[in-house]
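Order of writing sets the chain letters: A, B, C, D, E and F. Residues in each chain are counted from 1.
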Amino acid sequence: MSTTSQRTDSDDVMRLSSGIALEEIVRPDEGLISRRIFTDSEVYELEQERIFARGWFFVGHESEIPEPGDLVTRSVGTDPAIFVRDDEGQIRVFLNSCRHRGMRVCRTDRENASFLRCPYHGWAYKNNGELLTAAAESHYEEGELDKENLGLIPVAQLGVHCGLVFATWDPQAPPLDDYLGDMKYYLDLIFNRTGGVKVLGTPQIWDVETGWKFATDNFTDNFHVFSAHHSLVELGMLPNDPDFASHGTMVVAEEGHILHLTPGAPTDEYAFMGLPQKLRDQMPEHLTPEQVAMAEKVAYSAGTVWPNFHWLQLMSSGTLGQRDVPFLNLRLEVPISPTRTRMWSWLLIDVDADPEYEKASYETYVRTFGPAGIYDQDDMENWEDCTRASLGPAARKHSLHHTMGIHRPLDESWPGPGRAYADSYGEMTQRSWYSAWMRFMTSGWSDAQDGGER
Amino acid sequence: MSFLADLRAQAQLPPVLPHSELYGRVSEFLHHEAELLDAYRFAEWLELFSTEIEYRMPVRTTQFLVDGEGFNDFDFFVDDHQTLMTRIKRLETEFAWAETPPSRTRHFVSNLRLTRDEESGELAARINFLVTRTRQDLDYQMFTGVRHDRLIPDGDGTSFKVARRTILVDQTVITATNLSVLF
Amino acid sequence: MSTTSQRTDSDDVMRLSSGIALEEIVRPDEGLISRRIFTDSEVYELEQERIFARGWFFVGHESEIPEPGDLVTRSVGTDPAIFVRDDEGQIRVFLNSCRHRGMRVCRTDRENASFLRCPYHGWAYKNNGELLTAAAESHYEEGELDKENLGLIPVAQLGVHCGLVFATWDPQAPPLDDYLGDMKYYLDLIFNRTGGVKVLGTPQIWDVETGWKFATDNFTDNFHVFSAHHSLVELGMLPNDPDFASHGTMVVAEEGHILHLTPGAPTDEYAFMGLPQKLRDQMPEHLTPEQVAMAEKVAYSAGTVWPNFHWLQLMSSGTLGQRDVPFLNLRLEVPISPTRTRMWSWLLIDVDADPEYEKASYETYVRTFGPAGIYDQDDMENWEDCTRASLGPAARKHSLHHTMGIHRPLDESWPGPGRAYADSYGEMTQRSWYSAWMRFMTSGWSDAQDGGER
Amino acid sequence: MSFLADLRAQAQLPPVLPHSELYGRVSEFLHHEAELLDAYRFAEWLELFSTEIEYRMPVRTTQFLVDGEGFNDFDFFVDDHQTLMTRIKRLETEFAWAETPPSRTRHFVSNLRLTRDEESGELAARINFLVTRTRQDLDYQMFTGVRHDRLIPDGDGTSFKVARRTILVDQTVITATNLSVLF
Amino acid sequence: MSTTSQRTDSDDVMRLSSGIALEEIVRPDEGLISRRIFTDSEVYELEQERIFARGWFFVGHESEIPEPGDLVTRSVGTDPAIFVRDDEGQIRVFLNSCRHRGMRVCRTDRENASFLRCPYHGWAYKNNGELLTAAAESHYEEGELDKENLGLIPVAQLGVHCGLVFATWDPQAPPLDDYLGDMKYYLDLIFNRTGGVKVLGTPQIWDVETGWKFATDNFTDNFHVFSAHHSLVELGMLPNDPDFASHGTMVVAEEGHILHLTPGAPTDEYAFMGLPQKLRDQMPEHLTPEQVAMAEKVAYSAGTVWPNFHWLQLMSSGTLGQRDVPFLNLRLEVPISPTRTRMWSWLLIDVDADPEYEKASYETYVRTFGPAGIYDQDDMENWEDCTRASLGPAARKHSLHHTMGIHRPLDESWPGPGRAYADSYGEMTQRSWYSAWMRFMTSGWSDAQDGGER
Amino acid sequence: MSFLADLRAQAQLPPVLPHSELYGRVSEFLHHEAELLDAYRFAEWLELFSTEIEYRMPVRTTQFLVDGEGFNDFDFFVDDHQTLMTRIKRLETEFAWAETPPSRTRHFVSNLRLTRDEESGELAARINFLVTRTRQDLDYQMFTGVRHDRLIPDGDGTSFKVARRTILVDQTVITATNLSVLF
């Protein structure tokens, strides 16, 4: 649905058609975010154009399509896409829609193909996107069929960092390298710590009846664990200490790119993300000494590349009486409607992991996270019930409160880039996320990514 | 995947017919099990499982038929007795929010097929399952698929323990919020 | 969805974004109401702001939460709410949404609780709404967490009449006492006739695929009975006389607050609402002589407190060959979408009723009304099929016809307040309802409730 | 509620097994009954009920498990033989609009469990029910739950009458317009 | 939902509320049609007013209601309608909505009735639409109930050609005769070829999750067959020649009224639409010699009366090894939402057909077309996947390509009316369809139907 | 319609009871058949049908009950052995797009009733069917109704062939895209 929301130059604010200005109802600096933006369909439609048609989005990991012709189907933003390695070995991402009549060209989740033939009329594309043959070509008169320009529609830009493939539909977007900026330092810390990481198997995908931002908001939130996952506290599988996950650092690497790095119990087991010694030993080769020192103090980390891509580097146990085991999980929220979101979740493993560790990491992830995970399932319940409570005309006049740490001083001693804050309980990261959201919603690219939390 | 080949091999054995006592007892056993789940009697439910239980629900993907049925190397559930016990103890706390307050589930056991390995005496039971769920004031959600159980005789041979359970879901995208439900 | 509907001061009408003025398509004085307003999503969205965020809504009956800590979850307007008796015994109504991240704080239909703890991060509220503890409080810097002002959001105003609890989200709304005005006289007649009434058990709740106003329109409509419930005529359970329910009075107590009072067969059995003698004997103690005389002539009554709360005081039988038995039923329509509505239905019983009568009244209600009732189920069929026939672009250009009784003279002899009309077949009540609807849709509170049917 | 305790007591009796004649006859009886309902043969359907029939569907609410299963003191149906007869006669008029023209329902009888009280000879049958409905050009609506029947032998003992029926629905909010359907 | 889309006189284009002009994104002359118009809800809402409230729509065939009182329920545009033969034998079409409160008056798919009684309050209408009795008539005061003017709402205009009944809700629409214009020549060719055609049985109806125009676009598309129905090529049931269905003529009879006439294999079997000799022999009696000569060269024909009515005159086989048999199929798309469409499909048979031929034609249709047809089911898959690939904010910025035959010269030798093109592979017909769509969306009736493809 | 009268006549025969061997064998046969369909083993599935098979699904309309059940003179399926073979061969090409990639269907066989014509030995089996479908990443679609089969003994009499199948759907408007699914 289109809307008449517009930026009025006269007063320089973004007004919804009801006259409400986004600037009035979303005030990240004060930690006040209106419930309205989480469920409103006009805001949702604006997001499609201003965020999902413009931003950088995670597509997948290089390791998912190792061989020429390997192909999986994905979403880029909210558009269906093909993530393929072409016959030359180059990674490409295309809109999954035939240039002719718009048919989904690839209709499986995964296959290996040198060319893709559209079922409708048979247009055939090479896996590098070129149009090989149209249908009934001889029936086009001269000049009617510009085959050169009718290949699959590629994303406007594609970028890879640590094997993580991102893409944007916007040619005006800054290059990925600039977009990630100081976040690369932390992506390296997580994804480049050893001789590389790879995706295990296939992602889990499931739909949750939630506005997408309720899910997104949850990922760098460390202090929900004690309550939201209190069943595990009750079972003795999490420390019975409300502050247990607070002894770390929260970082705003760039506006909207946010993370925390948090130590576990003060034992060697929880050092270096809990990785096996063999993998720990690889770190100095791949990380700077500063990063290695940082990694030593990390058992738990979550980060968000704005807007909807997250990593979870966690240690947990899915089994009473068993030790915590680390795993590295990637997450993506793809909005389906104002109140429905598709969740994607991948498990990564260090390529040099031993089989026993890989198995333990795999089983721990599956048991604790993903739709059947004994942690994750309660998160979804929260997102859905937040959504349902934010739909009515009374509720949407009220703000959520993200005020924790508004006055917290910067941790000037932090060696890494970005704005760091001691104590990994806080809402600095979410405020930064909503600041970035406001930039996207109200500005063009030129001013969408400068500055920090004011 | 290899586990599919195994399941298919079992399905090739001659069927134990529905009018037989053995089929009747297995049928009763599976209905009893379903009832325990729907009545939140989880501890009793787990007693029906062997301590060696392998409990698994693989992730499915859409693939061309020539490429297989779409079960690849990933799972939604990969549980053993101790992890099922953990799930159940968790549900018994008052803090497992996805099921507090509890969903109302209904497990429909349908199309039971039973085979028996003459040598080992092990039974393989497969059903079509339909599980409906409603919680709070929400409309129905639904799960369907085939469930393969390996059963071993228990006690005097008139009851059973589930020694392996493989749950093959029909959906590639679980459209029902989460898998806080057991199968 | 937001809209650009607005009141244009220049021509002083409320225009939809298509340019259509509500004043043109809704003309209660002429009995012409456009099908458009029953299913249109822009009208629905306007209703959310202009009606459901501003009006007075029925929440429940005091007897539903007799003990301190008793709590049931409800809707107030279209927002989720908690209806609770606090530890001091005071009745309170709150938005069911945590001040922190908006989570539904109470997630059951009923419980008894001294405090409510939010599952997400654990904020705990006392049952009087005060915030007891937030999460990770020590991680807030000074001034970041204003606990005093972060209690559960109460309704703006709460009012009780005859144990019926009403609430509004609008601080500008007139007090309930003023809002009900002359309707109190009739509420007293029904709810204060004996030593009090109380709710039996729990409400029935069900969803109907109808625009909410098709249901609302039906409640004071007495002349649908002969056709809509003709199956009961056929079985001899209703008189085979199309005029059988017409011998009463329709009253517009205040604009939008409407009712009818209708006698049954001219026998003692149908006098005094058909109540047992013991209860009839209580009337003089609680009602004025004028009201007692009025009650004597009532077997059937239905009334609406604008917009969506109704009583049904009826006598019927769910069983072939059995006598009619009275019951008192409360109804509420809560819109879910332009074409979907949640129905709530409560059964009340006089507190001094004998068990046998209570049982008979209960069984009669359950068998005849509610979703399985042999009367009610046919009403829902009508509402749904009215809705489906009003969706198309041709249908919505045409008006429904509520013209019966436009020229009917006032019954000047009527002793009670309000505008009364002899003959309880007529559409005076609905016209008044739509007049009130127009006031709410087009005006502020100052002019939303004066005047009468012109 | 007390009726739940009663139903639970019956469920504790040893099961009549699926391969037995008694289970077979009850199964046939219940399928026959379902067929009559779906075929609008209401008068024949009612003949399967004892004149003492207590037919009840309680309202359900969402409550914490510690507070019970959510069946409180209210019902959607509380019928006896005469009121069921009234419903049926009503459906046979041409004016019961909720079912004129008629819905198309399908009653799926699943997971039958049967117990027999040795002393009284009374049978208790419980099933998982799935009832689908479509009417006019509308999409499906659905009802699920557990149904408990008390059966008494009829005639030569090879058939039965339903003496009590308790329908425990899974939903707290009936999302399907109305309950013009019988269960 | 209403919108603020409007035609701005200043720049004379139709702008969506986002500012996008339809004229920019739909350019039939260039063969460029934006994906946006297929799934956008603002466009959908505009279509309701500008197309479905104004156009001429197929209602049914006279033979479906042969006897007085025969009645079937239909859609006219997107409004529910009653298609009835009154007691005088006259065919009438009414809005299926009671004048009183809007109830669906007729609630079956088919019945025979002299009058229709509304269930809600019992208003009774004669089958010619007149209001016979209202409810509680004696309770209306004088002048309150204008029975003369409260009959069922008839369509504004009704027209019949070759037994095909069309209707419009718009009194300003040109008469059907003018609207069809030169299309009548071809309708005659198909529907008046023998001693008449009649509907067999009842239509098949099913819902497809597609924007309606994706389905509509497909009907005169001849060159999709080789790919979309390639399974039949593989089985040897269609020629293994991509050009096999190209040897005919495409005709734009009037802007938007389009068709193709295509020969089959060059044998007598495929001449004269493959009809049995007995029926072929009737042709000279009913058609002009020119038309007979045309019919001789037709095995396959599809045509569209703008916007959503189609015929399919085809020869096919549903059975391996069996000969092709002809059938005549009528199709209609009724939009339900931007992404959902109800499909109607009727089978016609020549009234003088022998029973064996009728049976063969019937079985062939059922096996090959309709929802279970081995051809048709793959078409629906295409429409759904086109729809799903056209929803996102990236996709909707791109156009579909309908460029085949843009420069194709007119076939000046064509004897029939309209603009004809040799070669029945081409997108001339669809471009004409979208030109008509643009006229309807942007103009009033006066200029909605002149001119041709520029 | 006449075929309905025929089906009704068969249903009047005395039931073959669920605990009998014959019922058991028919039950097993129908479950086996359902499994073949859901596993895309179409050629094996067709082997369960007599070469004389009449396979039919009539179109349904909403009518008043007094005017009948709404089955008029039109069909969604009207197949014989050769046309079923054609459908199956088509599904085995890689170009039957409605099923390429394949849907995941689940055929639930429920409420089996069986009668036997003592003279001819022919069996009439009727079930309530629920068929669920999901394909690609889409949510569930659903089909329900009654299916009537005429079965003839095959081989040594312990198995069967389906000689006639009549599928009576509950919907008048198929809300599930198409009927690329077999029943």
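In the analysis below, contacts are C-beta pairs under 8 Å (C-beta built on N, C-alpha and C of every residue); 3 or more make two chains touch, one makes a residue touch a chain.
Computed from a predicted structure; not experimentally measured.
Asks: When you check each chain against chain B and chain E, which touch both of them?
Replies: Per touch definition, common to chain B and chain E: A, C, D, F.
Asks: More C-beta contacts across A-B or across A-F?
Replies: Spelling it out, more C-beta pairs touch across A-B than across the other pair.
Asks: How many angstrom between the C-alpha centroids of chain D and chain C?
Replies: Comparing mean C-alpha positions, chain D is 33 Å from chain C.
Asks: State, to the nearest whole Å, the distance from the C-alpha centre of chain C to the C-alpha centre of chain F.
Replies: Once rounded, the distance between the two centres reads 49 Å.
Asks: Please compute the C-alpha centroid of chain B, do the same for chain F, then give the distance between them in whole Å.
Replies: 27
Asks: Could you tell me which residues belong to chain E and also touch two or more other chains?
Replies: Each of 1, 3-4, 107-109, 119, 205, 228, 230, 378, 381-382 in chain E touches at least two other chains.
Asks: Could you say which residues in chain F touch two or more other chains, in rising order?
Replies: Within chain F, residues 18-20, 23, 62-64, 94-95, 97, 100-101, 108, 110, 130, 136-137, 172-173, 175 contact more than one other chain.
Asks: For this structure, give each pair of chains that are touching.
Replies: Listed in label order, the chain pairs in contact are A-B, A-C, A-E, A-F, B-C, B-D, B-F, C-D, C-E, D-E, D-F, E-F.
Asks: For chain F, which residues count as touching chain B in their complex?
Replies: Residue positions touching the partner: 18-21, 23-25, 27-28, 31-32, 34-35, 38, 40, 94, 100-102, 104-110, 130, 132, 134-137, 139-140.
Asks: Looking at the complex, which residues from chain F come into contact with chain E?
Replies: Chain F residues touching chain E: 57, 59, 61-64, 67, 70, 72-80, 82-83, 85-87, 89-90, 93-98, 172-180.
Asks: Chain B touches which residues of chain A in the complex?
Replies: Contacts found on chain A: 107-111, 200-209, 228, 230-235, 237, 318-322, 342, 347, 362-363, 366-367, 370-372, 374, 376-378, 380-382, 384.
Asks: Within the complex, which stretch of chain A touches chain C?
Replies: 1, 3-5, 16-18, 20, 31, 35, 38, 40-42, 214, 217, 221, 223-224, 226-228, 230, 242-243, 246, 378, 381-382, 385-386, 388-395, 397-398, 400-401, 403-408, 423, 425-426
Asks: Across the complex, what residues on chain F touch chain A?
Replies: It comes out as residues 95, 97, 100-101, 136-137.
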